[in-house]
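Everything on this sheet refers to the single structure shown next.
As written, the chains take the letters A, B, C and D, and residue 1 is the first residue of each chain.
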Amino acid sequence: MIPKDKHLHGIFAPLTTPFVDEEIAPDHLAENISHYNRFDLSGYVLLGSTGEAVYLDDDESVILVKAARDSIPSEKKLIVGTARESTRGTIRFTNRMARLGADAALIRSPGYFKSRLTPDALALYYERIADESNIPVIVYNIPVHTGYSLTTETVLRLAVHPNIIGLKDSSGNLGFVGEVLNEIPNNFAVLLGAASILLPGLMMGVSGAIITLSDVAPEHCLRLLRLFHDQMWEEARRLQLDLIPLNKAIIQTIGVAAVKYALDLTGFYGGPCRSPLPPLNKQEEDHMRRILEKLQLIEA
Amino acid sequence: MIPKDKHLHGIFAPLTTPFVDEEIAPDHLAENISHYNRFDLSGYVLLGSTGEAVYLDDDESVILVKAARDSIPSEKKLIVGTARESTRGTIRFTNRMARLGADAALIRSPGYFKSRLTPDALALYYERIADESNIPVIVYNIPVHTGYSLTTETVLRLAVHPNIIGLKDSSGNLGFVGEVLNEIPNNFAVLLGAASILLPGLMMGVSGAIITLSDVAPEHCLRLLRLFHDQMWEEARRLQLDLIPLNKAIIQTIGVAAVKYALDLTGFYGGPCRSPLPPLNKQEEDHMRRILEKLQLIEA
Amino acid sequence: MIPKDKHLHGIFAPLTTPFVDEEIAPDHLAENISHYNRFDLSGYVLLGSTGEAVYLDDDESVILVKAARDSIPSEKKLIVGTARESTRGTIRFTNRMARLGADAALIRSPGYFKSRLTPDALALYYERIADESNIPVIVYNIPVHTGYSLTTETVLRLAVHPNIIGLKDSSGNLGFVGEVLNEIPNNFAVLLGAASILLPGLMMGVSGAIITLSDVAPEHCLRLLRLFHDQMWEEARRLQLDLIPLNKAIIQTIGVAAVKYALDLTGFYGGPCRSPLPPLNKQEEDHMRRILEKLQLIEA
Amino acid sequence: MIPKDKHLHGIFAPLTTPFVDEEIAPDHLAENISHYNRFDLSGYVLLGSTGEAVYLDDDESVILVKAARDSIPSEKKLIVGTARESTRGTIRFTNRMARLGADAALIRSPGYFKSRLTPDALALYYERIADESNIPVIVYNIPVHTGYSLTTETVLRLAVHPNIIGLKDSSGNLGFVGEVLNEIPNNFAVLLGAASILLPGLMMGVSGAIITLSDVAPEHCLRLLRLFHDQMWEEARRLQLDLIPLNKAIIQTIGVAAVKYALDLTGFYGGPCRSPLPPLNKQEEDHMRRILEKLQLIEA
């Protein structure tokens, strides 16, 4: 559990879900985590988009979260993606994850009936969940998947709830992030979901980030954070720009399959995605290799 | 089961899921179906968007489909919405529904990772499912929920699969429907999902429709179909135009909650939607009453 | 001038603007029109999207409309696209075109500052123009270019203005067309802008169409209209479906350059588009030839 | 003229166009400029979106640019928006503005036939213009008006042209800006068009900004720039966040009419917008007053 007065800080890695022959492979997840534990990451997110959560059933989710919990030392946080489309479904799954030791729930706003989900309906959705959840809630704004953005007003209303501790924003819109930062109470954290703007986001006042880039390049992400704290602006700027091509490939152009491909090349277990996500073609593999070489994540 | 050489014809009603205190109420579902059985509908769709399927878990789905199967006479078809985001999840749930007696599976194209789902990936998704499904598959194109439209080429590729019997199109784009109708084999059915263009769609050559409007106004929908077959063009045109305001309210402006409100007023069980879907406000209730009065579905 | 109580009927061809070495070629325009005059088209639209109107300055527009007016017999209508973004600019240009003999003005709704153009602001725009225009006004809804659709309420408000005689709708959304047809006064015409749904649109009650398809296949379009009036449903349906691939190519896939390419192959003057519109590549030319052969517009 | 090896630096104000009774008022423009000349702005943009350029004809544009040129001291730059949809129209208008003394042309990418404007067609458009323009060209990416974003590849191709000196980006997408900054030659400037992310943009490496916010709050914008250069991070961050509500109102929520309303309250000439842009309602006026009071731009 994460008390509301203790901010979420630093870099959190949203982990991939390892599959072998389309079956979940919790042992590979545990191995990956023990590798990641060497880095100064603040914690992990299980069952996020990067984890192909929409392809997992509840029982698989339980097995994966158990395996993760056992592999994560107590000083690192375990955040779990628990969104279902219905309020009651989300509450039940959140509390199931709470019983397995999740420290907080990351909850994507519902999208299916979006034309009917007024700001008030969305706020009520989160408030009811936060009221009944046994772990703190992080609101998750991800327009590329839901088809709309939460409004500043909705976030500010939710920020005063005692069991809602933060916002993850993956809109890529720092203007929106700035509006939120301008008015939220001190005990409410804003985490960035877009690694291409990590440095600018830190500059604006976010307290940390949940970024897939840290799955592939954890040291680079952590170094960027340190450069920011040490006010090494020019080095920070240079590193931020250098990281953009890798981030673009794993988020925008190719997606999760590219993350897994990169993991396979860098000592982690990547493996295939579940169908219908296609594997990389030859051209995409070459593109990924060039990018990873340039960042010295693999040898040329 | 529906053999591929026997076309899907007529009007299918995509049923609502009755809830009492947010719990599913299969008895109310059975009652509703026995009311609907008086009409000359060709069958029913369970677990569609109108059925708030995204708010149901698998066990609830099983109970509802069992209750429905027991209430539906053999001459009417039971089609079940079985889409999951993953290929294997969809196959498993489809075959679970097959064992309960579903006649066909209506499968919405996956949307979550849409930027990676190339036409080829989408065709493979459906082909693999159709290969392993024990009941025939109907492809479902619904851009308002998935964020993209299937291409004509994808539909034509799927139309030759022996276990894919039809397409439901809810794009509202009759140009697309026409492109498909122009080239599909004779044993592939196109069903319309947009009641505002039912008459024009029939004119273009669709063989039937799965339309929420038939939940609330089954007699009107069936009369429109008869007028079309009897070539009573002016009456058909007049009725089509008269139905548009009701259809707009239950599909576009208010949604499923309006369907349920109308059911409650017309002798069916409607009841509340699951949270986070909000109920109608006073103004929306008045709007619905006026529309239903005008169509003589309720008394003024 | 077109009196409001005399409906706009039939097929209107929105003409291309001939260029030679990027200069306008009014003589080629006149030749094209004299060819088109052999067909039973109801009239022509100058300075529409198909006419690359956004690439023409005012003086060029004047020359082209003069040349057209001189070539059009009195029983055919000359409609001119006169939209500017500002109200006063549109009024001035409309009346300039009126002085040259335009029978009506086709006015696309403004798009540049669309987020500020409320339904009321849009209605006021058209009302003020219609008040001051010396020729009747046709409202033009074309979401693909403006980025939004007019609402039914706006159209109904405008339909009662004495100098607004009709709507051209290129949304492709027959549900919207149906809503409008359901409530407009008798003396207000709805013209379709989407040839792929011409037959369904006629079925719904539109009185005619302004369709680029009639530039390339005027006889086919007129035959479809006659088949509809003669209630030859199966032939009409077959012809409608046959026309969809050509229409898709000239509207959606390739655009104006494909129209001009087809004109060059069928005895009209097509010529190049103005830059930056690119010419067809080899593959697009082959595609166009195959389509035209299939419709017997050129020999195989 | 601005040589390519001398970067565009600092803050440029995109000026409003004063109207009196819907006629342009060049005297008010000259007055406004003489007020602005007191500030350390790097220059002005005439005939941009903020200048309601789409509502002006060519002759009005000439009068306004003449009036501006006479009022601007030589050390400040005069940039003029010269985009037309056609290549030749843009070249002609650009060179007309060059003859009036414009230092550079800001050219929005064409939008009308966007589905046909491939990256190659867009690059050719700019290259041909830059070849023939007598003043340097600044490429302008503004998806909210054009409906699409330029790609990084297109910008990088254009950046090596000797007569293309920079990019103005109003996408609000700092990830895109970062991609561009990562690879452009040293003599190519990137100017930000989104004031809500000015500080983050400077951090990423943009050399300046063209922001409507500087029309209303020039001192605040310039102070933010100084704080950045002086590495006063916390003050800079605080000021950036404070400016977001004003920027949101004048860009997103209300638009140009809000800029003019604020000018009228702060000693400039604002006046009305041209129709169809509606004036502020009472609620919007109150909102603007509160925002301006908070920033001490007007007295409470």
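We take it that a residue touches a chain if its C-beta (ideal position, glycine included) is under 8 Å from a C-beta of that chain, and two chains touch if they have at least 3 such contacts.
Not measured: the values here are computed from a predicted model.
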{"item": "Identity of the chain that, by mean CA position, is farthest from chain D", "value": "B"}
{"item": "Between chain B and chain D, centroid-to-centroid distance (C-alpha), Å", "value": "50"}
{"item": "Interchain centroid distance [CA atoms averaged], chain C/chain D, Å", "value": "35"}
{"item": "Multi-chain contact residues (two or more partners), chain C", "value": "none"}
{"item": "Chain pairs that touch, as defined at the top of this document", "value": "A-B, A-D, B-C, C-D"}
{"item": "Chain C residues within the chain D interface of the complex", "value": "22, 49, 54-55, 57, 85-89, 110, 112-113, 115-118, 120-122, 124-125, 128, 145, 147, 252, 254-257, 274-278"}
{"item": "Contact footprint of chain B on chain C as seen in their complex", "value": "172-175, 178-179, 181-182, 194, 196-197, 199-201, 203-205, 231, 233, 237, 240-242, 244-245, 247-248"}
